[in-house]
Structures are given as structure tokens and as C-alpha cells.
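Structure first, then comments.
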Amino acid sequence: MSTLHEECGVFGVFSQTRRPVAALTYYGLFALQHRGQESCGIVVGDDGLFRDHKDVGLVGQVFSPAVLNDLGSGTMAVGHVRYSTTGGDGRLNAQPIVVNHNKGRMALAHNGNLTNAYELRTQLEMTGSIFHTTSDTEVISYIITKERLTAPSIERAVDRAMDTLQGAYSLVIMSPAKLLAARDPFGLRPLCYGVTEDGTYVVASESCALDAVGAKFVRDVMPGEILVFEQEGVRSLSRHCGTRPHSVCVFEYLYFARPDSIIDGASVHAARLQAGRFLAQEHPVEADVVIGVPDSGLDAAMGYAEASGIPYRMGFIKNKYIARTFIQPDQSDRESKVKLKLNPIQAVVKDKRVVLVDDSIVRGTTSGQIVHLLRLAGAKEVHMMSSAPAFLNPCYYGVDVDSKENLIAVKYSVEEIARHIGADSLGYLSVEHACQIAVSGNAGGFCTACFSGEYPAGVPKYDRKSRFEQKLSERQKEEDEAQ
Amino acid sequence: MSTLHEECGVFGVFSQTRRPVAALTYYGLFALQHRGQESCGIVVGDDGLFRDHKDVGLVGQVFSPAVLNDLGSGTMAVGHVRYSTTGGDGRLNAQPIVVNHNKGRMALAHNGNLTNAYELRTQLEMTGSIFHTTSDTEVISYIITKERLTAPSIERAVDRAMDTLQGAYSLVIMSPAKLLAARDPFGLRPLCYGVTEDGTYVVASESCALDAVGAKFVRDVMPGEILVFEQEGVRSLSRHCGTRPHSVCVFEYLYFARPDSIIDGASVHAARLQAGRFLAQEHPVEADVVIGVPDSGLDAAMGYAEASGIPYRMGFIKNKYIARTFIQPDQSDRESKVKLKLNPIQAVVKDKRVVLVDDSIVRGTTSGQIVHLLRLAGAKEVHMMSSAPAFLNPCYYGVDVDSKENLIAVKYSVEEIARHIGADSLGYLSVEHACQIAVSGNAGGFCTACFSGEYPAGVPKYDRKSRFEQKLSERQKEEDEAQ
Amino acid sequence: MSTLHEECGVFGVFSQTRRPVAALTYYGLFALQHRGQESCGIVVGDDGLFRDHKDVGLVGQVFSPAVLNDLGSGTMAVGHVRYSTTGGDGRLNAQPIVVNHNKGRMALAHNGNLTNAYELRTQLEMTGSIFHTTSDTEVISYIITKERLTAPSIERAVDRAMDTLQGAYSLVIMSPAKLLAARDPFGLRPLCYGVTEDGTYVVASESCALDAVGAKFVRDVMPGEILVFEQEGVRSLSRHCGTRPHSVCVFEYLYFARPDSIIDGASVHAARLQAGRFLAQEHPVEADVVIGVPDSGLDAAMGYAEASGIPYRMGFIKNKYIARTFIQPDQSDRESKVKLKLNPIQAVVKDKRVVLVDDSIVRGTTSGQIVHLLRLAGAKEVHMMSSAPAFLNPCYYGVDVDSKENLIAVKYSVEEIARHIGADSLGYLSVEHACQIAVSGNAGGFCTACFSGEYPAGVPKYDRKSRFEQKLSERQKEEDEAQ
Amino acid sequence: MSTLHEECGVFGVFSQTRRPVAALTYYGLFALQHRGQESCGIVVGDDGLFRDHKDVGLVGQVFSPAVLNDLGSGTMAVGHVRYSTTGGDGRLNAQPIVVNHNKGRMALAHNGNLTNAYELRTQLEMTGSIFHTTSDTEVISYIITKERLTAPSIERAVDRAMDTLQGAYSLVIMSPAKLLAARDPFGLRPLCYGVTEDGTYVVASESCALDAVGAKFVRDVMPGEILVFEQEGVRSLSRHCGTRPHSVCVFEYLYFARPDSIIDGASVHAARLQAGRFLAQEHPVEADVVIGVPDSGLDAAMGYAEASGIPYRMGFIKNKYIARTFIQPDQSDRESKVKLKLNPIQAVVKDKRVVLVDDSIVRGTTSGQIVHLLRLAGAKEVHMMSSAPAFLNPCYYGVDVDSKENLIAVKYSVEEIARHIGADSLGYLSVEHACQIAVSGNAGGFCTACFSGEYPAGVPKYDRKSRFEQKLSERQKEEDEAQ
């Protein structure tokens, strides 16, 4: 039950013939909803015309049947779900963004975060460019547009732009006639594609979205690769492939991605089971029952149970109605929401020594409340296990990790945290084991920066601690005073 | 993943002093949301004044902070969640209903179904009574009002009314100064009460709602009992207790109730585990893995795994966003919703012999789709297990069982159903075992009418097959022609 | 620009054949919207089945095309617009009300106010009747239902009920097979009917609603008359006709009704012109220009100009967008809304002696603000003329006149009021002249109670000053304490 | 009752101290609502920070108290109301637009239409610029941004940009520290400013918006002038003043502007009265009564009555609820909306020879329906008078005149049109007289292009007939095919 937020999920469709691509994208975005719940959007490409709809809200709220009907059929579509990290207007920053330029139009959906967005934006502004949003996605579209002035094709423009763009990006781009999928050379964020029985190509952040639309998984987009979907079929541009060490975000396996997805060849579900098994090796305890925090802690809890031989049980009932409609009517009782969301099953935990597995511990507040609920339900001992290593560093590649002062592991030792959350003992998965969970995969390596502090793709030059938007806002403040 | 619908959940609060009872009821209704998602309502009793709000929608949609603030504080409240079975205006039939009568006002929330509603209504109309709704709850309020003309107190009026009312009813009733909880002599629907640390009494359909508001469970309301909560404390009227055999609905344990609830002394979670164990005894198969259909099939699946020794696994990922916001944009693909809602984890089921446990099989359509999904994901064999016995009869006590012609078990043999849904084998829990799942409870007996055809509280006189509302509608038709 | 509120408008349709009666009623209610803006409703009668929709809001908000489509076609419909005078739940009290009784169903729409509602309700409750609303319309439906037990037909039941009902009522009633229109013996509220080219009968509070649906005006419903629309045609029951002096509300002509309506044979527009002419006779002043307060003061202003020979001009521009969408964002500036709504045209009033005609003066606040606006725009003198006499008494027949302590004419002399609102002089139309404005009509007489204090139909027995609902609320308070 | 659409109204506030500028702008936009009803927006400037809110809808719908509260206080604000002429996404094209550029941020609100937008946009795209909207306002912001790279101040950048921009523009521009108001050298669209008692400067399209916020009118912004509002006070840049003949749109007087506004020194109300007087001179008829089509035909009708000596009367009642909430439920009766909106007063027109004055005749459909209504109400003769000359040409300066093939005056002679709409005679105001209606004003001259075909500021080079957006859409089509 983490409070970390992935910023985005992307989706794209390319068909040789006119099809209800808006509906297809709607289904795909539903399957990617966990990657972003603030806003979403779909752009349909229909014989060179673009029709789009974006708004703040969940996929099912933003896209009514009437809206989907208006978006209609076409040969291509790009979709996006977003969790906004900025305080700004969520609607303004909703994606995909659509821009009109010298050679026509372009729709662009982006998952990730540039590390040189600030420098690029400043350079663009020096030549008279204007910006409507605070998002680095607008920077990407400018860079591609500039290259497009001289590049012979949209894919060549993207290829050249990748010489300039730094950081994490999985992109789906639609021109009037082509659909592109591009992934940064480190492969920090996932991206894959598949094909349906009738030959429609589908690109998605995760394979679970391919399943949702009945598309067969073909393969992951390789780090640094650009795929071009066009009337003639699929082409690959691979000039940037292999130029950087493969560094897919390990937290995708541990928390963000859906367990039924396969990322860079490794099953997310299997990775979580394995994380639980490693946890049992690293932190063996004598206990009567292993329970997980629903839903994302359940897989690792099963892995722990399997490796330890301690029985696995359902320890909590989760109120499924809370998630989307609950608004706390008063502020008097800060624990209420966790209490309403999770109710321990007394029959399972009463008078028992309990191993409690959660996906991560960020601030420690939620963990403390959950341990407290178990104590009230009669648990004799509570041994907390985090299937993610301890968070110690910010992420510059597209995850909204809490600011350093809020990360409990930065301030306290493991023993202190255990005491703080009221657990009898506490264990984190080690970074070493975290890098071994995706055993069956073809991933060459992982980004573990938030745990280890080693940033494969570097950190923003101007400001290691703050974010792109904060930088922008400071600069504007200075300029305002100067003006 | 049943398509059966419980019609209602009730909730009540009584406090010696003025408190934010609307907020308390809001939390309680959230915990009972699974018992009715169509409409909900809260009536606050504040120094003799009643303030109410009811509407179609989920608790979190109907009760905004502003609405709760308007409802405000008081010494009492009654709440209700409803799944409407009528085609009529959901808003009109929303509960609690508030009536003004000779001795003041009364608010009434009802879970269950009368079997003599039609006769009572006809008698009332013969003396000039008018009805605003098609609900039998309005009939109950009339009967109590009539008794109140001569009864010395509201509780005595209810006590007398219980001589007239037949069928299933768990009631929470608020007069200007008292809160009552009453349960029919068969105890067909659950009802219990608890008390918070500060002495506030709380009545609820299920104990999980007591947990949600931090109330300690005191005990179940006994079949036939009337509890009176008033300034002096709690009183019990027990003239009707023990007059009928205890016959709590067994399907509450198997499907409706939340696993963290305790009904008539038995844990719902434990009952489902036990149902799974019995299933393993009755229908042993050779298999590699046991999986449950999320969420209500998981407990029984664990019980099956435990008793059979076959490993339990998470076989499906459930898209938690689907439930509340998904609207199917087209009708072309009828399987889409199940496919979007549930995605099998290939790593778990591929090339495996799978035992699939679900809570029930009603029409068979959903089961067929789920089996099909497992086949597509590579399952070698699928053995379907239903933790409820086969549905063969309508329910007249408050559950919206599909009409007989839609119940697959009425039309086909077990083998035919297995073939129909594409399973290699199929097992239902036996009715005998179903009656033994709530082992630790103090329940004297169960209603198993929908499985066995034995109706403890009788069936409606005028029409065994149709419902109260249908009867009414037919009669009106005749009268219209006559007029 | 009065702050008085008419409570209701009623509408009914009867056709020999199935027609889109919901749409027809929608158009009719649009034309009656000025008679009530809080809630509205339509009930369609279709071969004995009733389909209804009611809600808080304007006609165009409550009835979307989808809702109208659901209401669909039928042979009859009843519609209602309401301005609620109670503090209670507007939605609950929305009309038409639909009740189910011994002989079927009945839909009822009511304009007016009973004077013996409290007594009738108390008697009904003594025999066990329950009430869902605080509206006297529910009392009427009970009385009719009781009579219907023994009456051979619905029209005879209404006829007998009229022996019991006292006060003001214009009713449209729908039984499964007939549509009735009934008007109290005093004819306090208007009611008329017409017929379309294809033979559909239409009943409405005002003739402007007949125009809106293309129906030809036939005649007013006579005071005390019951009209029965049925397959065979129209029948009249006239036992109550002529039993009481005709006493139509004079304020319908002066303010409530639309100028294009004809009530009891007299044109509302012509009556207002005449009121202006009388005002000029009673209160001649030397001035340069006559202007009216839009929209309801314009007709009388023209009459004043015509009789006085002083030129008529448009003195104000009214912001037509304010009415429905404006919400005052702050409370700092109490004059803002009038200022935003009305802007004087400087070219018309600057350095001029202005005669300002408004439809009435209730509290004096708005009048003061309007005079102030004219002063700011440079008017040299402002002579205020009220085309209604001074308000001195409450209305018990269906108009929400402000409570006596707020009526400025109760507390001050004409000179004091003129000073209070900043006018150089002030004139009210005399009650004598008010009774002569509907010259061409066949009305035998008027109710002028709010001006004269003479109540043709009596006043409520129990409480001359308070309203039915207040009485009820007091009683309930007492009972609560006793219980 | 014209079907022509003004595209925009602009509003701006500058205060030396922090004030509730959002609420002030809200009031101002309410007064300008008639200039654009599709979308609206407000940007608040608060110590260099910009907060904005824009959406599709009326001012009162888009700006709830909560939204205004979020926008909050500041020293500056820019507001806009828009009637969109494009088929595209109204929300995307809502103004003011806010752009981030090299020297900070800029908010821009625009009324008018560039004639060289297409050329400028193409040039910008050739250097890599991207466009988010299809609006020419984005082109203006680019041109200013480009100039700002080298200009020493925002006002100098605007001054230089005006060398490039061609066509009609009244602009309100907000930089972090200054508010600018600029009007094109022809003065095609109105723009004026005023000051409140506490020294706050207010800029608006029309003076009625100054009245609404209690600001005293100071003067019109001169054609070609740039006003700079800053801490030190107001400054004027007048390099472009007098370089072009003053050519304010005459249709502002005849139709668009509110009668209580004063534009370029002339009262709109007085101008319409004068138009009516001229009409009476040009087209004298023998008649019994003069009536106007509410609301915009009333002033001219009074002028006609005054000059002709024929009595003026209110001939129609307008249903004020129709405008904002009416949705036609079916398509069967195309005349319904006019009939519901306007109802003739029979007492005024029956057996009369009627002069009917409307503000314009565009397609003739509405006029025909209105004449028909009068005939049904018994009018003996109907003489139609249009207070605007006949529409013969498109407008390139910001008015959405119907396409040429829909303009009835292009296809038919006056006699034919009279016959077509069913009038006994028809008269248009002459273009010569139209140019003399604003007698008291200081306007040097008028644009009468839509009547006369003489375009003072030229026509778009590339396409005389189509609009900017159509051009864009064609080009994109071509490029798509080429790509």
C-alpha cells in the first residue's frame, strides 16, 4: 500500500484499415489505469485528421460512450493515463499532446522524465519558442519538430532528437500516416508491442494492456529502439540500441506494474513471488501465519510463506468501494481511512505470531496503522516485511518518490523504524536480491537508484534535489522581479 | 463472481449525547456497501427533528461532505443501502423511509422481504390508505402506524405488528426518542449490535460495520427479538423469540456477507474456508494448482488447497478500476467485460491442471467466460468448483435470485453444465455440507430454500413464482381495464 | 421586480390516441415556468401504466431528451412546476404526486393552498394514515382516495371531496383512464383548457401554455367545476358552480401571470396597461420620461405614458444571463446583483424627471437600489409608481407573501416609504382601481386579500399568521416531548 | 433575433494593491456575456504568479464561487468570453491564452480576426514553431514573443508586433508586472477603459462592463493605441495612431453591443433609436401599431414609432427561460423553438396593420416564422423592417456571418424576400443611413463591409471566401497525403 506514484502509461494502435480504434484504446487504457489516475486522453488518427479528448478523471469517467462515439473510427490512436506530480492544472498537462507544425500534426504520449528538460526549454525560449504547459513532454515535441524541419521523415526526426533528449522516455508518437514507439537507450520505462488476430498493431507500457484488447504479445521495444508502424508493416531503427547499459526500473516489478504483465521477458507476478522467497531467506522469523497487505503485498506474502513453510492466509478484507468514492467527511480521525479500507479477519490473526508483507515502506505512517489494526485484532507478534528495499533517494526518471525529508528510512535505522511502526521486527529486501527477482527475463540490468543512489542515466545538472517544474517556477519568479 | 443481489443493509446509531451521527453512519454504510449499491440514505434524529438525505448512487457519491454537514449532529441515525429489484424509480424506493403519523414521525430501514405484503397492502387500501412506493417497507410502516394508534409505545406497536408481518425482516426503526432493532422470528437476515468506547450503541446488518466505526461487537439480535435503545440504556422485548426455528440464510456465509463479519456467532471467513475443505472432500481431482475467482472465491480456494494438498496460487489479476467506472462502449464483444476485469497470470496456469473455485454458478455465462480465459492462457485442464450448492429455486426472503428459466442448474445436469462452461469437471458443494460450514456458530439452523426448496417461513400465498411488485402491477392492469 | 412567489403551475393532456404527450407537456411547462422554478415533474399515462419523472430544477434542466424519451408516448399526461415555500426537501415535495390506492393509481397536480389542511391531516392521522410529505397536496389525494372507496367513479370522488376541501385549488388529476380538471368554487387560481387541431385536449393554469403547444383556447374552467376528459369527449360536473362568489386573485393580473395569457376572459397585458393608466389618473406628476422596471413593469409604464402624455422610453438594460446562472461570489456588496441585472441607459435618464413604474413594492430594498441606480445615472427626479396596491396582509391561497414584519407598507406611511427608497414621490394603485383592470373579462370578482384584508374563502382556523407547515412542525415538537 | 455571432469580449484589471480581481473580472465578464457564450476564462496575476481557469460554458457556469476563490486576489486579471467559430474543441481554444517564453509569462485575450494569420503561421512553422490551437490568438502571442527577444519591454514588443499583424484586434495582455490594452489601427473592434473609486483600472470591450464593476468610463482606446497600466499609472504608445482611417464595425451599434454601452463616443441605444427613425423615413407605411422583436429590435421599433407617429406597443412576450435551458426534444416541429420563445399578444395585433422591426435578416427563416406567428394571432398586415442593411458579404474582422449561400439577400430581391417571409412589405435600412446613426460619436468612420463589400483593412490574401481554420485544415490534408 505504497504512496509512490508512477506518472504515466502509454498506448498506441495502428491498423491497415479503418477500425473502432478509440474503443480499442479505451480498453487498453483501462488495463493501464494503475499507472496514472489523474487524467487521461485519446487521440484518434483518421485519414490524416486528428480527433482528441482529454480530461481530468479516470478512464471510465472521461470516456463516456458518447465521447468514444465522437472519437470514432480511424487507422491509428494514441492513449495516455497520467498521474500528475505538479501542483498545476491537471487538465492542461493531460496527454497525449497534439501539436501542429510545419509538416502537419503530431500526437505524442510520454512515460518517463527528461533530465535535461530545463536546459532544452531555456534554449528553445532563447529563440522565441512559447510554452503552454510545464510538462517536459512539450519540450520533447519541440525538439522533434525542430529536427523535422530538415529530417526526411518523422522517424528520422525522432532518431535525431534522441541524440539530444536525456533521461527516461517511452514514447508513442502519431504522425498523419505513421505510428512510432520509442524507448530511451537505458530502457528505464517499459514498452512493448503486440498484434491482434486481424493484424492490428498495439503498443503499450505493459503487456497486460495487450491482453485486454486480445492482442498477442510480440516483444518488448528494445532500449534505444524506434519502431515504425506503417501501411507496409513494422520497421525498426536501432542506431541508439546498445549504446547504454540496460537499466529497467526495478520498482516496476516490485510495485508499479500489474502482476499479469511481462516486462523485458520477466513475469511481474513471478518476480514478486521471488521477492517474497528472498525475504524469507534474508529475514527468517518464527511465526504462525503469513499475510499480505492487499492487493500489492499478496504475491510476495505467498512467496514468503512458500519459502518459510509458514501457512499463508488472507488476513485483511479490503473495502473495494473505498478506493474511488470515499471522501473523508471530517479530519478528526486520521486513521479512519486505513481502518475503513482494511479490516483484519480476527479468526486469522488472533493470538497468532504474524508475518506481515507489504510492497514497500515510504513514510511509515500507513505501516504503523496497519500494524496497529492487527494488534487490535489480537495478533501476538507482528513481523513486518517490505518486499522493496529501503527508499533513500529521489527518482529523476518518472516516479514521484516523496521528498527526502519524508522518507522514513533516511532518518532512522531499521530497528528505530520497527519501533516507530510498532512491529516486533522489520526486514527489507536487500538491493542485491532485488536485482535478481526477474530471473527469467532478458533484462541486462536494473535501475535501483531510489534504493542505491546509483543513477544510470545521470541526474539533472541544475538541481539534484528539486524537480523540473520547481526549477521553472523559481526562474519565473526571478524574471518577474527583474522585469 | 455471482450475479445474485442482496437487497439491503441496515445501520443505526443511538447516543445519550449529541454526536456527529451522520458521519458515523456514513462510515458504517461504507462497510455495508456490498449489500446494496443502487441507492442509500441516512436519517438523523436530532432532538425530535428528523433530517434525511437519500439518493441513487454509492455511499461515497450520495454523501458529499456538504451533505453530511447538513445532516449534522444528533443523538440517533438510521442508514440504509439498497439493491433494488424493481424496475421502478430507484430514488423513490430508496430507504430509510420517513413517515409522519398520528404520534409523530418514524424512520424505518428494512432488510428482507415480506411474504404477505400483497395481502396486507390490499387490506390497507380497502380502508382508504394510499401508497407512494411499490416497496413492502411502506406496508410495514403502515402496520406499525395502525398499531401505534392504540399501543402505549412505539416498541409495543412493533411487537404487535410482528404478529401480522410474515417473511424476512431485519428492521432499524427510529422514533423521535428511541431507536429500535427488530429481527423476524426465523432470523432469516442477520442483525447485530455493538457499543463504542464512549457508550454509543450501533446496530448493523453485519459486524464488519461495527468494526468500521470502532464499536465493540456485543451480540446478534436474536430471531424474534426487539431491542429498544433509549436514554436509560438497552431493553429487550422477546415475546416472539423462540417461536420459530432459527433459519439464517446460508448464502450470507457463502456469498453475501463480508468475510470479516461474524454472523450468529460464526466467522464468514472460516465458513468459506470450510466450504472449500468440504468441496475438496466431495470432489477430489488430480491437479497442479488451485486458484479462486477474485474476490469472493479466494477463501474457498484456499480451503480446497489446504484440504487437498494442491498448491494455492493467485491465478487472476482483477482490474480494480473496472467495477465502478467501466461502461462498455459497444455491444460487439460480449466477453469484453469479464476479460477486462480478470486477466489470468500465464506463469501460474500455463500447461497446468487447474482447480478453479468460484462462489456460485447462476446462469453459467460468466463461468464459461472465465474457463475460456484460462484455456487461452494455456491451462491444460480446468476443474470448476462451486462453493455454493446448485441454485434451483427462487428466494422469497430478500435475495434477487434470477428467474427460474435462467438458472442453469434447473435445466441441465452437472455433466451438461460442465460441458456448457467448457470445464473438464464440475463440482458443487452439497446442501448437507453447506449446513455445516458455520460450525462454531450458535445458529440453530439455516434457510437453504434456494438450494433445497424447503421454505422455513412459507411462500407468498397468491403467487409462488412471481414477486410482490409483479403481482401489484398485474392487479393494477386489471383494475385499469375495469375502470 | 417583485420577490413574491407563486407556488405552482399545472398542465394536463388527454388524447384519444397514443401520442408523444411527454414532449407536449414539456413545451407546456416551459410556458408556465414563471409560475414555479424550484422543481417540476411530468407523469405520463400509457394504457393504464404511469411513468413519472420529477426533480428539483428548471424544466429544461430536469427534462433532458433522454428523460423525455423514457417517459415516452401515451394518451395522457400531467405536469407541474413548483415554487416551494417550505424549507424542506424540494425533491420530496415535487409534484405531480402519484399514489396507489384501492382502485388503482392517481396522479395529481395542484396549484393553490388549502385552509383546512391541518385539520384534515390530523383527522386522517387519527385513523392510522401516514404522510410522506409536508404538502397539502398529499392531504387532497387522501381525501379523494377515501371518497373513492365508495364513489362509483373518480370524478364523483373528486366531487364529494370538494365538499371537504376548503381554500384555493386548481387541480389536474389523472386516473388510469381519465383526466380531470377541477377548480375551487371561488376560482381563486386560474385554470383553462383548449384543444389542438388533432383533437388533443390540453388543460393549463394559463392560456399561454395552450399557445405554446398550438392548442386553441376553448374556455376557462368555471369556479367549482370539474371537467372530465375521457374517450367519449369532455363532460362537466357543476354541482359546486355558483355556490361561492367568483374571487380570482387580482395579483395574477398584476404580476404572476404572463402578459400573453387571458384569464377568466381578460387579457393580462391589457389589464396591466389599464393599471398604468389608472396610476396616471391617481398620481399625476410633471416629468420628462416614463420608464418601467423590466420585464414586469413595462406594460404598466406604457399605460402610464399613454394616459399622461409623457414619453415612454427603455430606461434599463437587463442582463438576461444573470437570471439563471449568476451566483454572487462574495457577500461584500449587497447591491451588486441589482446593479449587474439592471443597467440604466444614461442617454434616457440623465438630467431628466423620471416616472419609474414597477409591478409592486414588497420590502422596499430592491426599489431603493433601482432608484439609487437612476440617481447615479443622472436622473434629476424619480417618481416611483407601483402598479399593485400596498401589501398589508398574508396570502393563504397559494402565494408566498413575505411575513408581515418584512412588508414595508405595514410599517411605514407612503411618504416614509418614498423617503426610505429615495424617491421624490411614490404612488400605489388603489384597491378600487385594481378591481377594475380586467374590464373585458367575465370575472365576477377578485380576491384582494393581500391588499384589503378581506379573505373571501376564510383563513386557517388554527393559526391566522403562520403557515400549514409551521403548524405541523410545532405539533410534532410537542408530541416528541410528550413521547 | 439575428443568427450572427460576435466572437469575443475582453476584460482586464490593474490595481496598485492586491484586490479580489477574479471576482471583479467575473462581474465584468457577466456584463460582456452577450459577446460570446461558448467559453470563457480568467487569468489572475498575483505577484508574478499566474492562476487561470477556462472552460466551455457561460460565465456563471464556469466560475463557481469555489473556482473564483481558488483564483483569488491579485493585482491584475485578464478575462475573455468567446463564441467559437471553429468546429474544433471549444475548451482548447478558450481564452485568455497563457504562454511561457524567454522573458517569463504572458496572458493574452483577443477580440477580432487577423487577415494574415495563415501567412504568419506558415512562416513561424518554417522555423520549427509548434501550435497547440487553431486560433489566430496563438499566432499573435508568437509574434509578440519573437519581438520580445530583442525588445526592451513588453509594450515595445507589442508595438513592433503591430507592424506585422493585419486585420482586426482588440487585445488585453498581461505580463508579470504590467497590463496592456491595444487596438488595431482601424479600430475595427471597440475597446475602452475606466477607473474605480479606489483607483483600479479596468479595460473592457464595452462600457457596460465598466458600469457593472462600478468603474467610471475614462475614454475609448484609440485606434492604433497601446495603453500600459503599471505601478506608476497609465501610459500611451501612439506610434500607430492615425495611420489608418477609423473604421469601427457599424454592426456593433446595430446588433452586437449592449444598448447601455457607449462606443467611440456614441450611445448604442441612441444609435438604434436613430436607425428606427431613419427606417421610418425610408420606408413609410400606413399601419396601426409598431412592434419590435424582443429584445434587440425594441429600440429601433420605438424610433420608428416616434418618427412615424404610429403607436408603439409590446407585441410579443419572450419566454426568458428558453434561452439557456431549452433543448428541443424532437425534430418533428422545426418552428417550435421560435413559437416557444415568442408568443404574440393577441390584444395588440389582432385585426391590426403591424410594422414589425427586427435587428437584421440573415437567412430569413426566423423572420418567416415570426411573421407567421403574427398572422396566426390575427394581424391583418405585417410590414417587416430590418434596422440593419442587407447582408451581402462575409466578415473577415471577427464576426461569424453565415456563408454566402445562406444569406437570403444575396439570392433574392427585396420583393422576393418579402414574399418568402410572408410579409406585405419589407424595408432595409440603407447603408448611407447606417453610417449616420452614431451621430454624437467621435468615430471618424465605419466598417460596413458586410453590407457594402468595401473592406477597409483588406481581405485575406490566400482565400477570400474561406476562413483561416478552413485554410489550415486543407493544407494539413495536402501534407498528410504528401507525407
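By written order: A, B, C and D. Residues from 1 in each chain.
By our rule, a contact is a pair of C-beta atoms (placed from the backbone, for glycine too) under 8 Å apart; a residue touches a chain by one contact, two chains touch by 3 or more.
This is a predicted model, so every value here is computed, not measured.
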Inset, instruction - Give me the fewest steps it takes to get from subunit A to subunit C if each step has to go to a chain it touches. - result: 2
Inset, instruction - Kindly list the shared contact partners of subunit B and subunit D, in label order. - result: A, C
Inset, instruction - Quick one: point me to the chain whose Cα centre is farthest from that of subunit B. - result: D
Legend entry - Which of B-C and C-D has more C-beta contact pairs: C-D
Inset, instruction - Quick one: report the Å distance separating subunit B from subunit C, using the average Cα coordinate of each chain. - result: 47
Legend entry - CA centroid of subunit C to CA centroid of subunit D, Å: 38
Legend entry - All touching chain pairs, where touch follows the definition stated at the start: A-B, A-D, B-C, C-D
Legend entry - subunit C residues touching subunit B - in the complex, by the definition given at the top: 47-48, 52, 89, 97-105, 125-132, 134, 141-142, 145-146, 148-149, 154, 175-177, 472, 476-477, 479-481, 483
Inset, instruction - Show which residues of subunit A lie in contact with subunit B when the two form their complex. - result: 20, 22-23, 26-27, 30-31, 33-34, 37, 58-61, 63-65, 68-69, 208, 211-212, 214, 258-260, 262, 267, 269-270, 295, 298-299, 302, 312-314, 316-327, 329-330, 336, 339-340, 343-348
